[in-house]
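Okay, here's the structure, questions in a sec.
When the chains are written out, they are named A, B and C in that same order, and each has its own residue count from 1.
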Amino acid sequence: MKITGTFIDEISHDIPHQNWGAQEWEQDFLYMKAIGIDTVILIRSGYRRFLTYPSVYLQETFGCYNPPVDLVELFLNLADQLNMNFYFGLYDSGKYWDTGNMTHEIDVNRYVVDEVWAKYGHHKSFKGWYLSMEISRKTKGATEAFNTLGLQCKGVSGGLPTLISPWIDGKKAVMAASSNLIKSDAVSVEEHEKEWSEIFSGLKGSVDAVAFQDGHIDYHELEHFFAVNKQMADRFGLSCWTNAESFDRDMPIKFLPIKFEKLKLKLEAAAKAGYDKAITFEFSHFMSPQSSYLQAGHLFNRYQEYINTLL
Amino acid sequence: MKITGTFIDEISHDIPHQNWGAQEWEQDFLYMKAIGIDTVILIRSGYRRFLTYPSVYLQETFGCYNPPVDLVELFLNLADQLNMNFYFGLYDSGKYWDTGNMTHEIDVNRYVVDEVWAKYGHHKSFKGWYLSMEISRKTKGATEAFNTLGLQCKGVSGGLPTLISPWIDGKKAVMAASSNLIKSDAVSVEEHEKEWSEIFSGLKGSVDAVAFQDGHIDYHELEHFFAVNKQMADRFGLSCWTNAESFDRDMPIKFLPIKFEKLKLKLEAAAKAGYDKAITFEFSHFMSPQSSYLQAGHLFNRYQEYINTLL
Amino acid sequence: MKITGTFIDEISHDIPHQNWGAQEWEQDFLYMKAIGIDTVILIRSGYRRFLTYPSVYLQETFGCYNPPVDLVELFLNLADQLNMNFYFGLYDSGKYWDTGNMTHEIDVNRYVVDEVWAKYGHHKSFKGWYLSMEISRKTKGATEAFNTLGLQCKGVSGGLPTLISPWIDGKKAVMAASSNLIKSDAVSVEEHEKEWSEIFSGLKGSVDAVAFQDGHIDYHELEHFFAVNKQMADRFGLSCWTNAESFDRDMPIKFLPIKFEKLKLKLEAAAKAGYDKAITFEFSHFMSPQSSYLQAGHLFNRYQEYINTLL
């Protein structure tokens, strides 16, 4: 299974910035293209006071900072030139992380969606929306948030597709800032299916594709969870993507590029389950030949050798 | 506001060493010079048993290790050649960190100051002293330590200026080895002003410049804290510098280079407050094109582009 | 004291993978050779479900994954070509770490030893075995495990030598995933001697060399611990090696290359104690010019300068 999409991790919660300029971003899109990536997904357009684009609304209303570069414009131009698809990730105010309440995210993003579509909707590469709320099974109001925002995104943009990328509440679902690598109260496959079926059943055409993050469960658990995810996606009419994490959750340094074998196991599990598409979080830090983490360039080489054997 | 000074982080508490030789250090001073840095400040001349120079006193008295290279001589020679100013950072025995008691640091450094001035005082680039005790508002005996050591430094050296670089006890003031990124009992602007005014009012001409570390408070708090710092500095006759940290305190990996936008916000806040000079902790790991952290080279480029727009 | 051996850290517990291919491994063996390394020691042949070689037994019995490359074959071929000695590290099922019980490791490795010798024993560079159980003084059943497995390794291979590399339960003996750097209940030299003498006295010719890890004690403690280690080794007829760790245990990032001065202190302490050989954990991440950690290349240069002064 080939990776054909990647998140772009600007703005980041927990991955240190590379401080790239326009030149490095252009080179990176070329590297992506070279291994068959056709879709780039902005992980979020802003996080708390930091923004990827100069949003008048967010600056005036919440005191967000005026970014030194309009990254959304930059990414859309590159995607335009290279015939790639760009998905816009919604704004994350941080309030949900602080309070567990999703209401504020919904309210704010109503304005963001309108503003962004007016500003960037003319780009031919603007091909979808990423509902960036990283939720898990226990998130209150998840279904309502997906419906409200997903339908609004589609409404303003003539029905462009929407994507979500939740996590499986597995044994590796610990906070990045925690020194622990695993937790004891991991979800079972049965609970996972029950709770996500409940969430999915409430969707009203607001979500087109779901890409569960693949890094929170153990490698031998992939097969069962992936089979269940595919069944649920089919049952509720969703496209089933995998979010193949290219960073390693098993190491004390949080986070460096993943061991190639682990990525291969995850991609093969997704292929076996009949998934529709594989995307990764994310190319530029963890798989790019120009990444500040040199292990990423070697992962790029190993991955490229691997996909050549699939031909 | 341009960065015109940098700490040199030998010996380090918590930043892994780059294992540079004389050649790399020479190159790094050239890089510093290229972006307008005129002042280098040795963060400390020794930490516990590790030393930057072969101190007979510290080796004989405390069993410190004989260093493989005399870094103080190396740095002074480079500063001599390049017409830069070198500030010598005092010795840190570690006993203050262990006991909270500053007496030992004072006693030891009385000998260090004499030894160092005798050995290196002839260098034309030896232009000041850095009182390296990293104190915060709650440090007992801070004023006395500053007075005793500051006046002694000035006494032996014909009145060379002294610098301190305390931290603001803000929400990011957590231990480097802690997995946490923030704490809940952060100081308010009012408490900060009250407590530091008390400390500064006790100084007897022993300190010339104060460079508060800028990384322990949130970005939107910079303006208020900086305004207060400048007022206090003016009131007590101190030069007001900013210590613009070029590493990122918001990430699980402690520590990698900061996102350029954050550095820009901090420098602009310092400019707005009318600060006299900006220094950084520190160039060689976090901003140098030859840093082991490749993000640093990109930060160098982004910073250079930025200062070109200031001309 | 020159480093003449290195572990190879595949499969890793806690050091992120570099994703090297055959070309990088060949280059790395050449770099090792260039600074006088004649021995490579596979740290373990597998860890839980991940393997370095396609073990039919481990895959069929425990559901281990089929590795993308046969690293054991790769390493043996390189060692053959370069006249280096290869030590094979036994399999680590992880069950000992989970349960504190060594029985499972003994049972599994009986099969592994036979399988491996049949498959790879013909290589001229296959020169020894590494009993990979990383034990400390409190490990129950350590002596029995060493005897059972050590004697079996020797039995199948015509008496090839065996190596162990335990840790000293010093103040830095904390888990890699812990945010702490030191603990308070460190072992004393006397306890260390008493407990390890007990373990060594039970060995029945099953172990030829012991290489205590040198990173868990403070630098000024090296001399005493090393003297005791050498005395014990002599008393019980073991070769006394040092495992000179080339990563830094004193920093919040776990783990990056060590400061050269620290490595030098440790090697000099081993020389002073009359140790027989120095190996390191490990060259490829922490000392190699092509390491993803660029500090490693500088450590290589500093180390090379240092050993040139020893000639």
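Note that contacts are C-beta pairs under 8 Å (C-beta built on N, C-alpha and C of every residue); 3 or more make two chains touch, one makes a residue touch a chain.
Here the structure is a predicted model, which means the values were calculated and not measured.
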item: Co-neighbours of subunit B and subunit A - touch as defined; value: C
item: Homomeric contact subunit B-subunit C: same or different residue positions, threshold half; value: different
item: Copy-to-copy rotation for subunit A and subunit C - C-alpha atoms, rounded to a multiple of 5°; value: 120
item: Between subunit C and subunit B, distance of the C-alpha-averaged centres to the nearest whole Å; value: 39
item: Shared interface positions of subunit C, touching two or more other chains; value: 179, 253, 294
item: Touching residues on subunit A, where the partner in the complex is subunit C; value: 179-181, 219-220, 248, 251-253, 256-261, 264-265, 293-295, 298-299, 301-302, 305-306
item: Subunit B-facing residues of subunit A, complex; value: 12, 14-21, 24, 49-50, 63, 65, 67-68, 176-179, 253-255, 291-292, 294
